[in-house]
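Common to both upcoming complexes is chain A, partnered first by chain B, then by chain C.
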Partner chain A sequence: MLRSRTFQVVVPALLVLILLPLGVNGYILGLLTLAYYYAVFAMSWDLLFGFAGEVNFGPSFLIGIGAYTAALLNHYWSWPIPPCLVAGAFAAVVAGAVLAIPALRLTGPYFGLITLVAVLLLQNVLVLFAGITGGEIGLDLPDVLSIDASTNYYYALAFMTVSGAILYGLAQSPVGLILQASGQDAIEAAALGFNVAKHKLAAFCMSAFFSGLAGAMLIFYLGTASVGTVVDIGVGVNVIIAAVLGGRRTILGAAVGSIFLIGAGEILRPLGQLSTFVVSAIALVVILFFPGGFMGRLLQSGGRE
Partner chain B sequence: MLALQILIDGFAISSLYALGAIGFTLIFGVSGVLNLSHGAIMVVAAVIAWWVSGTYGVSPYLGALAGLAASLACSFFTYGVIVRPLQKSPSIPHEEKEIFVLTATLLWGIMLQEAVAYLFTNNPKTVRPLVEGVVRIMGVRTPWNEVLTAAVSLGAIALLYLLVNRTRTGKTLLAAAMNPRGLTLLGFELSSIYILVWAIYGLLAGGAGVLLGAFLGVSSDNAGTLTASAFAIVVLGGLGSVSGSLIAAYVVGYLETLTAYLVNPSIRTVPALLLLIIVVYVRPQGLLGRR
Partner chain C sequence: MTALLDVKGLTKRFGGLVAVKDIGFKIEAGEILGLIGPNGSGKSTVMKCIMGIEKPNAGSVKLDGIDVAGWPTHRIARAGVGIVFQHARPLQRQTILEHIKLALLPDNLLMLATDHGVTRRAEEIAARVGLSQVMHRLPRTLPFADLRRLELAKAIARNPKVVLVDEPFAGLTSGEVADFSALIGSFRAEGHAVLLVDHNVKSVAALVDRVLAMYLGEYVAEGSAEEVMRNETVRRVYLGGKIETAARPEREGKDRTPLLDVRGLGVLYGKATALDDVSIHVGEGEFVSVVGLNGAGKTTLFNAISALVPYSGTINWRGETLAGRTPGSIARGGIVQCPESRELFGDMSVRENLDLGGQHFPVAEAAKQLDWLFGLFPILKARQGQAARTLSGGEQQMLAIARALMMRPKLLILDEPTLGLAPVILEQLSKALEVLRQTTDITVLLGEQNVTFALPHADRVYVIEHSRIIWEGDPARFAEEAGAGYL
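On to the complex of A and B.
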């Protein structure tokens, strides 16, 4: 029931997005392209939070590792883009595993803090070795995905659709159920014979894979890798806001939340400095009054039962 | 000479850190809330103090009072409008309350930060110090303000210690931290205790903000870093342990001062972060935490 309803919503929405380049200008396409990469960040985060029940305060650690691995390989060794993307995703998984294996012994705020500290350290390292990494200014890349706005748009849309389908499928699968059980009551899940740590680690690696890959794709879209766009705490905060706003434990909601967040930021641009204030206020109101988020409400009123 | 300088500067900074972190840990200990708008509330206090004493030319004491009042107002707002409704909300499952409070206070912190940046710009502001002049401590020229910072911080912490351990009200706070349900069964109104805690918190965070503004200067961009450092100190010391936070504040303060003086000011936070990671892996409950 849920599944069919979800498809009824998603398929027409995707069709509209596919036809969009025919009707809107390059600037809006550029914005949406950015939003789609953010959507992948937020969906990977939701897999970890909504299902595995682990609050990752540092999604930008995984994003940044993926992005900078790809950027360094491309800048210094002139690797072509595809192997850079693979290497970036792989590096994010390795970094994620190194971070998660000890950190998963911790729970709640401790896990969150470790992930937060990881971001701060990565940021410090990147700025400290500014000679190699470009520091605050960033590292320019010789290659870009495409210089055409609609090609870039389709790359991002396809990437978001495929990642979203995989993450959503995973979340709906038996593995997703086990993850959800581990997140909500780890002791009972373990008592039922499921290896909680293994499942959470797997979720973390999946999340890291897509975060890293999306981070690497994003910098090849932007043509430069900088701390402000892929590592900064603010990036991670936006990802978290998008996921919670769209509705936790829905995966798809995270994508909707990201597109909303980027769109709202743009519409409110005339407010200047106040736009961040207004976006945060909207997000706060949603959290206070509709804790299920956009998608949570949509799916709940429809066919949960 | 350098050693003495490090000793004195480190002491003042550490005491300030302790004051900032202790309110944070108190809230967590008593009501289980990690308030991520902490840094922003400190910034509000400092900027209001700067604005009142700078624009109206009144005495810096009045400015400091205004800063305290502002942080008190922010603190009550945080509790009354954000934390409490979320905790009472029936549509959020119990195990997810924590993340909702975290996200909501984070958003609220961003709103405060942006409001300050909009109204007063994000330029660094130095609050007019309460006392002027310099004193020589064993040959090291130290501003009186630095001495005052350490003294006020330690004084406030001592008062808090007396309040918690020596008065009846303080004992109810301790009881609320240990077993809130038991306390309600004994006929205490839990919500009035929480209001008291948030009031103490507002004063502590505001005091720390104003002193920080006078000592090092504050910009709205610092809000995130201030929250992170309070969070780090509190976890290092053990969540909810006041004496642990105190020790951790001095460890972090001196570690940062040593790094800044002896290695490189640009990496002053790195050793403390590394220490934090090691401690959390080896001893997740922190230095003095209870589990």
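On to the complex of A and C.
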């Protein structure tokens, strides 16, 4: 019942998004393109937080590794885009696993702290080796996905739809159920015969894969890779706010939250510096009073029927 | 023929504390063993060692001939051990049926879809434990007993060779107890080996084939339920060898408003009833003991008085209601609780812990109080500079009591001060309480499961069982009237 209900909402919404380039100008399309990449960041993050119960304070570590791996390969060795994307996603998974294997042994807030430190380290390394990485200014890329706004928009939409479908399907599958049980009560999950560490690590790798891939896609859309767009703590904070705003443990909510966050930031742009403040205030109110987020409320009322 | 579960020489230490010492037993297929012991006796640790939640320091746990001691929990579970936890923490967004399906899944990362066989099997199990009617509902819409049924269903789904059940009947009504007994009995009929862990023999006597009793981590007795109940050591552990009582004559002021008056108190933990229509009163200067096993509701009663849990009913302090007051204001008003968990500041010194208790008083007064306390507990004077964490269990308990006394309470609430303490320490503690009682006009409300400790000082005794007060009277009559029901 719930699944078909979700389906009924998602399919018309996607149709609207597909038809959007017919009636909207390039500027808005560009904004939405950015929002769709953020949506993948946020959905990957929700798989880890909402399901495996682990708070990753450094989503931009995984995003940044994916983005910079792709950027360096493209800039210095002129690899074409597709192998750069694959290498970026793969590098994010490897870096994620290297980070997660020791970190998942720790309990409580320590996992989160390690992920936070990882971002700071990555940021420092990128700035220190500015000669190679372009540092704060960034690394410009010879190749871009496309120069046409509509084409870029469709790339991003297709990427978000496919990633979302995979992540959502995974979350709804038996593996997602095991993951949720592991996140909520690791001892009980282990007593039911599930190797909690294995499942959490798999979730982390899955999250890293999509974060890294989306990071790599994003820089080929922007045409440049810079610390401010893919590594900065602020990027990670936005991803987290988007996911929580949209609704923890829903996957789809994370996408809704991202589009809202980027959309609201734009609508409020006339307020100047105040716009960030207003968006943060909205996020705070939603988190305080509706901890389930946008989608959380929607799905909850569905469950009650 | 080898036993399905064969535990030998099991030992578990936590730092310097030996929680389990050289415990061994066997359970054959189709047999139910009851593992009993008072709070802190190490029975839960034995269960955790079997399940791999704790790693034993020594000993073997043979499952159908294979030693699984020290294996990680999920491998032991795969090898055929299942556990029914006392506290269920179900997933919120999944239905009952999905929870049962979860227990049926293999430990495989590539399980992306389940076949119909799994659903059908889950439905059969739901029917068996009596959850058919509610299997499509979410856990939070179900009563407590159904959540316990769900835990049983998960154990059944795993079809383990050995089933461990932690306090099978806690929080259940007598009707539900009968249902659960039948379900656990069906494990035996199907040839599983079952280990029931509980506080006393009485609650599991009808179900078990054999009982093993533990106390302070050590083996005490083993045999049929009747044999264990007749065992001298067991009787001494639960009832005390010879109960000494020393009720003082009724204090004056008996007819005045009692200092503390609790009426019709009810507390719910989620869906479980923790206290049901409990009424007690404590007169000025009186020493009242509330006696009951772990889980009976003692701590809940004290927490309600200190406003740490929401309750229904009324609690009056010196004739005025405590409703709406914060825990801090109640403590400043003179009701000081010394909790079971002691809540010491482990990294602070003994002296600093005590000084914190005396914060509200002028320096001179606090110093006087401190002197008096060092007289009451001389050992604390010697240990002044030591970090509280490094004290022995008994010394920590004394410090906790001393810190509570630093606040000069009108009413001192002591929650299980004897928990996990060796008999020799009990004696010291007992002496200190007696001095306190004879030399000051302090009012004490003591919660205990150790009757030997609780009775000698008490002027009046309440017995609490399954969330209700079942007996009230003077300690001299306890042994003959309430003692038998306490084993």
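We take it that the second predicted complex is superposed on the first by the 302 of 305 C-alpha atoms of A that agree within 3 Å, B and C clash if a C-alpha of one lies under 4 Å from a C-alpha of the other, contacts with A are read in each partner's own complex, and residues count from 1 in each chain.
One rule holds for everything that comes next: a residue touches a chain if its C-beta (ideal position, glycine included) is under 8 Å from a C-beta of that chain, and two chains touch if they have at least 3 such contacts.
Just so we're clear, the structure is a prediction, and the values are computed from it rather than from any experiment.
Chemist: Answer with first, second, both or neither: which of chain B and chain C does A:V196 touch in the superposed model?
Modeler: second
Chemist: According to the stated criteria, A:I241 is in contact with first (chain B), second (chain C), both, or neither; which is it?
Modeler: Only chain B; A:I241 stays clear of chain C.
Chemist: Could you look at A:A181 and tell me whether it touches chain B, chain C, both or neither (first, second, both, neither)?
Modeler: second
Chemist: Can A:G169 be said to touch chain B (first), chain C (second), both, or neither?
Modeler: second
Chemist: Who does A:L31 touch here: chain B (first), chain C (second), both, or neither?
Modeler: Neither partner.
Chemist: Just checking: does A:A264 make contact with chain B only, chain C only, both, or neither of them? Give me first, second, both or neither.
Modeler: Neither: A:A264 stays clear of chain B and chain C.
Chemist: Identify which of chain B and chain C touches the larger number of residues of chain A.
Modeler: B
Chemist: With both complexes overlaid on chain A, does A:C205 touch chain B (first), chain C (second), both or neither?
Modeler: Once the two structures are laid over each other on A, A:C205 reaches no partner at all.
Chemist: Does the superposition put A:I287 against chain B (first), chain C (second), both, or neither?
Modeler: First partner only.
Chemist: Same chain A residues contacting chain B and chain C, which ones?
Modeler: On chain A, the residues that contact chain B in one structure and chain C in the other are 184.
Chemist: Report the residues of chain A in contact with chain B in the complex, numbered from low to high.
Modeler: The touching residues are 49, 53, 55, 102-103, 105-106, 108-110, 112-114, 116-117, 120-121, 124, 127-128, 184, 233, 237, 240-241, 244, 248, 273-274, 276-277, 280-281, 283-284, 287-288, 291-292.
Chemist: Quick one: which bits of chain C touch chain A in the complex? Just the residue numbers, please.
Modeler: Chain C reaches chain A through residues 51-53, 72-74, 77-78, 82-83, 85, 89, 91, 93-94, 98, 101-103, 105, 107-114, 138, 154, 158.
Chemist: So in the complex, which bits of chain B are touching chain A?
Modeler: Residues of chain B touching chain A: 34, 82, 85-86, 89, 91-93, 95-96, 98-100, 102-104, 106-108, 110-111, 114-115, 117-118, 224, 228, 231-232, 235, 239, 266-267, 269-270, 273-274, 276-277, 280-281, 284.
Chemist: Can you list the chain A residues touching chain C in their complex?
Modeler: Interface residues on chain A, with respect to chain C: 169-170, 173-175, 177-178, 180-181, 184-185, 187-196, 198-199, 202, 249, 299, 303.
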